[in-house]
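Alright, structures below, take your time with them.
The following pair of complexes shares a single chain, chain A, combined with chain B in the former and chain C in the latter.
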Partner chain A sequence: MTRILRSLRDGIGFDVLLVIIALSYLLVFAGLPLIYNVIISFQTVDVFSLGTLWHPNAGFDNYRAIFDDPLAGRVLWQTIVFTLGSVALQFTFGFALALFFHQNFTGATWIRGLFLAAWVMPGLVVGVLWNWLLSGDFGVINHLLESLGLIEDPVFWRSNVETSLYAVLIANIWYGTPFNMILLAVGLAAIPGDLYEAAELDGANAFQRFWTITLPMMRATIGAVLALGIIFTLQQFDLFAAITQGGPAGSSTVAQYWSWQLSFREFDFGRGAVISVLMIIVVLFVSLIYVRSTKAETQL
Partner chain B sequence: MTYQIELDRVEKHYGRFHALKEISLAIPKGQFVALVGPSGCGKSTLLRSIAGLERITSGTLRIAGEPVDDLPPRKRDLAMVFQSYALYPHMSVRDNLTYALRLKGVSRAERARRAEEVAAVIGLETLLDRRPRELSGGQRQRVAMGRAIIRQPRAFLFDEPLSNLDAALRVRMRKEVRALHDRIGATSVYVTHDQIEAMTMADHVVVLQAGRIEQQGTPVALYDRPANRFVAGFIGSPAMNFIPGVIAGDGRAVRLALPGNPMLETTIAGTPGLQVEVGIRPEHMVLGSPDAPDALPLVVNAVETTGAASYLFTEGEPELIVTTEGTATIRAGDTIGVSVDPARVHLFEPETGASLRSASL
Partner chain C sequence: MSGAVTNRVLLAVALALAAVYLFPLYWMYVTSLKTQSSIFAVPPEFLPGAPQWDNYATIWEVANILRYIGNSLVIASGVTLITALVGSGCAYVLARYRNGWIDAALFAVLMLQVLPPSLMVTPIFVGFASVGLLEYPRFATILAFSAKTMPFFVILCRAAFMTVPRELEEAALVDGNSRIGAFFMIVLPLARNGLLISALLVFMNGFGEYVYSASIIADNRLQPASIGMTNFLQPNVVNWNAIMAFAATYVTPILAAFVLLQRQIVNGLTAGALK
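Up next, the complex of A and B:
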């Protein structure tokens, strides 16, 4: 004991202490809940048994119930559309903006900072904002589309089965684009300017420089941005809560929202846990891509 | 005569900063030209202007007789070797070498053949599949050269390409770059802040200061007949000694502002009584007995020895440097006698710094 105290006083072993603190934090607040969640997915948990630590075993019943649920196929499809749509368009707009502000015109840094305003807002606020914008009767979006002659009658974005998912999707693209822009801008800034000059002298036009220098040099950053985009999109909850609540008739329900509905609306915690376990598996794969990307980044 | 690169009264402004002032320069095909000067003198700006990476404000720039002011870099057919090498980190050495050919649409087989050929010239045959980060500084330097050579451009531009190498390698690459230039009959413009590099490599040296060409000519001409005080002090190592003086006697001698006001003979005719700045290179100060009739008596303050030569630093203002061969037996505190060949004495106008020799010739 005195030896431990002495080593602490001398600062030897301080690094070990720091590691222990960080690891215990992760174990208590991330590791254990994660494991408990997996366990719950194999148990029958309802309002009555919620208070106990251990619940009756259910085997694969919860899993079977989820896969047999008529909503499952639609939720899966809607989750894929929402995730890929969000990531693809956030990335495209983010990259376009990053390239635009990379031209370094007067005020570029300042305006780029303004774009971040969207990203720092809480999700619920963004949801409310887009509720107004997408409103059927007096929404700005409908007004714009009508003035441009693209639609004749107002679209009721949030309450139409056909459009409700896209209402959230549009809001989420707006919400996540600045984050993509900032990460990609950092990647762009890290490419040495003399590479472009060398390529220019070697005969490359602007398009060829983008294709043969910018894109390959950004590969690691792009991998990281796409992986983070998928992870963040699978975490998106606030916008659904604020804009459509998954409706109407489940037409905008995605996996994470369904999990919440099962757990906290229907109080079927077992089935709610099943969905989160399945999502964890997907996220683990994406995280591997992310880790590999960041490794490649340090190697270049 | 058409020149490979020709600049006529080229000017460059950055906002209110006047970076290049009335630069006129004509480089014949096959010549190796060095642009040399202290940092901030405009030598890199001049090179980048030739490359097209900077737009000149006024004047004309011709490459092989064709005005290129409005051509972007990729249409000028010039190759540049950067100080940082600027190798493409995501490409193998082979792809780095053949990048320009690929853009031009040269066939894969032809590209492979040319890559092997150039790799043999620069001695990198075994490294073609490596990435730049797996190469040493010297090898990267060679790849950068190879990338320029493979294109067979109208001229090569070098931007301080050797300054990131260690001293020994720098001396070796100096010779290699020049040998390569001669072998492929290239036209080269080489920017350096190192006057030794400029003197040893170039056929024609251009000395720049504050955006202006101070003097241009062969290395020997710059050394023997510097047009002004700046060039005299910049070319040569250690730098030329400058001593204030007054032209005396029949105008073929100066009285130096040194203790005892000694007289020094010159071969330059001047008006007696004229204030001048006397320039004598350290290696032209010949050590003799302090009692010899024409010798300047000087007291040594410090001695530096390199083995091949010794540098004697004198006491008092201005401090003078005397170079002697071998290891000196002289110590600090000794008095030495120094004599100077009158033909080796330079005189400069104190105000403008202009050489009086050119005026008298």
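Up next, the complex of A and C:
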């Protein structure tokens, strides 16, 4: 007994205890739900059976119901469009800004920091802001597009089935660009300056320097940023709740929002769990690649 | 082109980019100060007329913003407290050793960091319902969301602890301190700034939390400000000035904290994300 106490106070027991407390917390509130998720995806969980730990068995009924749902194909396609669109454009804008602010001029670091103000805002507030900006009749975005001659009639971004997904996509690009920018800026800052000087002496122009020095040196950072972009986009929920609520007619529903709607709007937790299980597999797969690649590059 | 001119041109372009990018924030503040008729003016009025501070008075009196923000503060404080108490020690140990066990623990933490709350809320809600935790909705939200912020906090703090030289801690042990003593007297004070910034980021996250609150907290009086905002969003909403006043009141403290601590926040974030 005293030996254990001594170890807790002075030896390895102290370290083990600290780690075990945190890992037990995560096991109870993240690990167990992960397993429970799989279990309830095979059960009938509705308002009547909610409240007990074990629910009536449903076999593969929930899975069948999801795969037979006419919405499933649309949601899958919209999830892909939303995720790839967000990641590609956040990355492009983020990289362009990072390169721009990488030039040495007065106030570069400070002005670059201003962009991150958007990133610390709650997602729900960002969504409500864009809801107002993209409003059909009185939205300022429509006004700007009209005065630039890009559109003739106001676009009803949020209530048109053709554009509702893009309304959320635009907001998400705005929201996620600064994070991409700052991570890429860190990568750019790590490239030794004498590489560029040497290339310049050899007569390489700016474009050649970018292709032969910047891109290859940034490979690890770019991989990490793209993987993180996919992971964060698959977490995006607040913007959907604040801008379109998945509508109209499911035209802006993505998988993570559909899962939530099934559970908390239709109170069919079994079917909500099915999508949750499938999407968590996707997310864990992407982050597995991410963790492995960063481990190979930096020995974690 | 001389250096000074290039410098000025770049500065002007940078300011223009920042202005375009931050226009949505400007529009929030301007709309929040407009009258009901001028928010629907065509073309839109880009400069505010006489500021309508009444909009702010209205959301204090009618929209119960104080209660909503109070609930957000409760949730944010609870999440920060649990995350920091449970997570700091773990981050310290993960920073201090290098072996297979530590790598495995770190891997587990990294993998748990990516789980989307909108997907985790289904099993958590069903589980909480069966053990009776939904009777305490704010507490349940805090417990659930802390599991989301903790991996993030551990990764950030681990980076902070790694900057503390091992030799200092070993010197304290040689001087007769216990491990606990050395941890509290030497390691924690030296890693303090990193820990505080990480805790602040967790607090901001908790302050803006939406998914868990919206799913778990049914009682209007216990809901945080994020849900208070969505209550405005009816199909044919017209009082955008009030909504923007609500939004401005909600985010201004966060933006102020960010402006004051910009450099530290950016450093902390980038240290955690890429290492």
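Keep in mind that, in the parts below, the second predicted complex is superposed on the first by the 292 of 300 C-alpha atoms of A that agree within 3 Å, B and C clash if a C-alpha of one lies under 4 Å from a C-alpha of the other, contacts with A are read in each partner's own complex, and residues count from 1 in each chain.
One rule holds for everything that comes next: a residue touches a chain if its C-beta (ideal position, glycine included) is under 8 Å from a C-beta of that chain, and two chains touch if they have at least 3 such contacts.
Quantities reported herein were computed from a predicted structural model and do not represent experimental measurements.
Visitor: So if we stack both complexes on chain A, do chain B and chain C clash, or do they fit?
Guide: After superposition on chain A, chain B vs chain C: fit, no clash.
Visitor: Look at A:Pro216 in the shared chain and tell me whether it touches chain B only, chain C only, both, or neither; answer first, second, both or neither.
Guide: first
Visitor: With chain A at the apex, figure out the C-alpha centre angle toward chain B and chain C and round it to a multiple of 10 degrees.
Guide: 80
Visitor: Could you tell me if A:Ser251 is touching chain B, chain C, both of them or neither one (first, second, both, neither)?
Guide: Neither partner.
Visitor: Please tell me which partner, chain B or chain C, touches more residues of chain A.
Guide: Larger number of chain A residues touched: C.
Visitor: Just to be sure I read the superposition right, which of the two partners does A:Asn160 touch: chain B = first, chain C = second, or both, or neither?
Guide: neither
Visitor: Touching A:Ala198 in the superposition: chain B (first), chain C (second), both, neither?
Guide: Touch status of A:Ala198: first partner only.
Visitor: Could you tell me if A:Thr44 is touching chain B, chain C, both of them or neither one (first, second, both, neither)?
Guide: neither
Visitor: Quick check: superposed on A, how many Å separate the nearest Cα atoms of chain B and chain C?
Guide: Least C-alpha distance: 11 Å.
Visitor: Taking the contacts chain A makes with chain B in one complex and with chain C in the other, which residues are shared?
Guide: Comparing the two interfaces on chain A, one with chain B and one with chain C, the shared residues are 300.
Visitor: Quick check: in the complex, which residue numbers of chain A touch chain B?
Guide: 192, 194-195, 197-205, 208, 212-213, 216-217, 219, 300
Visitor: In their complex, what parts of chain B are in touch with chain A?
Guide: 51-53, 72-74, 76, 78-80, 82, 84, 86-90, 99-100, 103-104, 133, 147, 151
Visitor: Can you list the chain A residues touching chain C in their complex?
Guide: For chain A paired with chain C, touching residues are 9-11, 14-15, 17-19, 21-23, 25-26, 29-34, 36-37, 40, 45, 50-53, 97, 100-101, 103, 105-108, 110-118, 120-126, 128-133, 135, 137-138, 140, 143, 147, 174, 182-183, 186-187, 221, 224, 228, 231, 234-235, 237-238, 241-242, 256-257, 259-260, 263-264, 269, 272-273, 275-276, 279-280, 283-284, 286-288, 291, 294, 298, 300.
Visitor: Under the stated contact criterion, what part of chain C meets chain A in this complex?
Guide: Contacts found on chain C: 6-7, 10-11, 13-15, 17-18, 21-22, 24-25, 27-28, 31, 39-40, 42-44, 82, 86-87, 89-90, 92-94, 96-97, 103, 105-127, 129-131, 143-144, 146-148, 150-151, 154, 178-180, 183, 204, 207-211, 214-215, 226, 229-230, 232-233, 240, 243-244, 247, 250-251, 254-255, 258-259, 262-263, 265-266, 269-270, 273-275.
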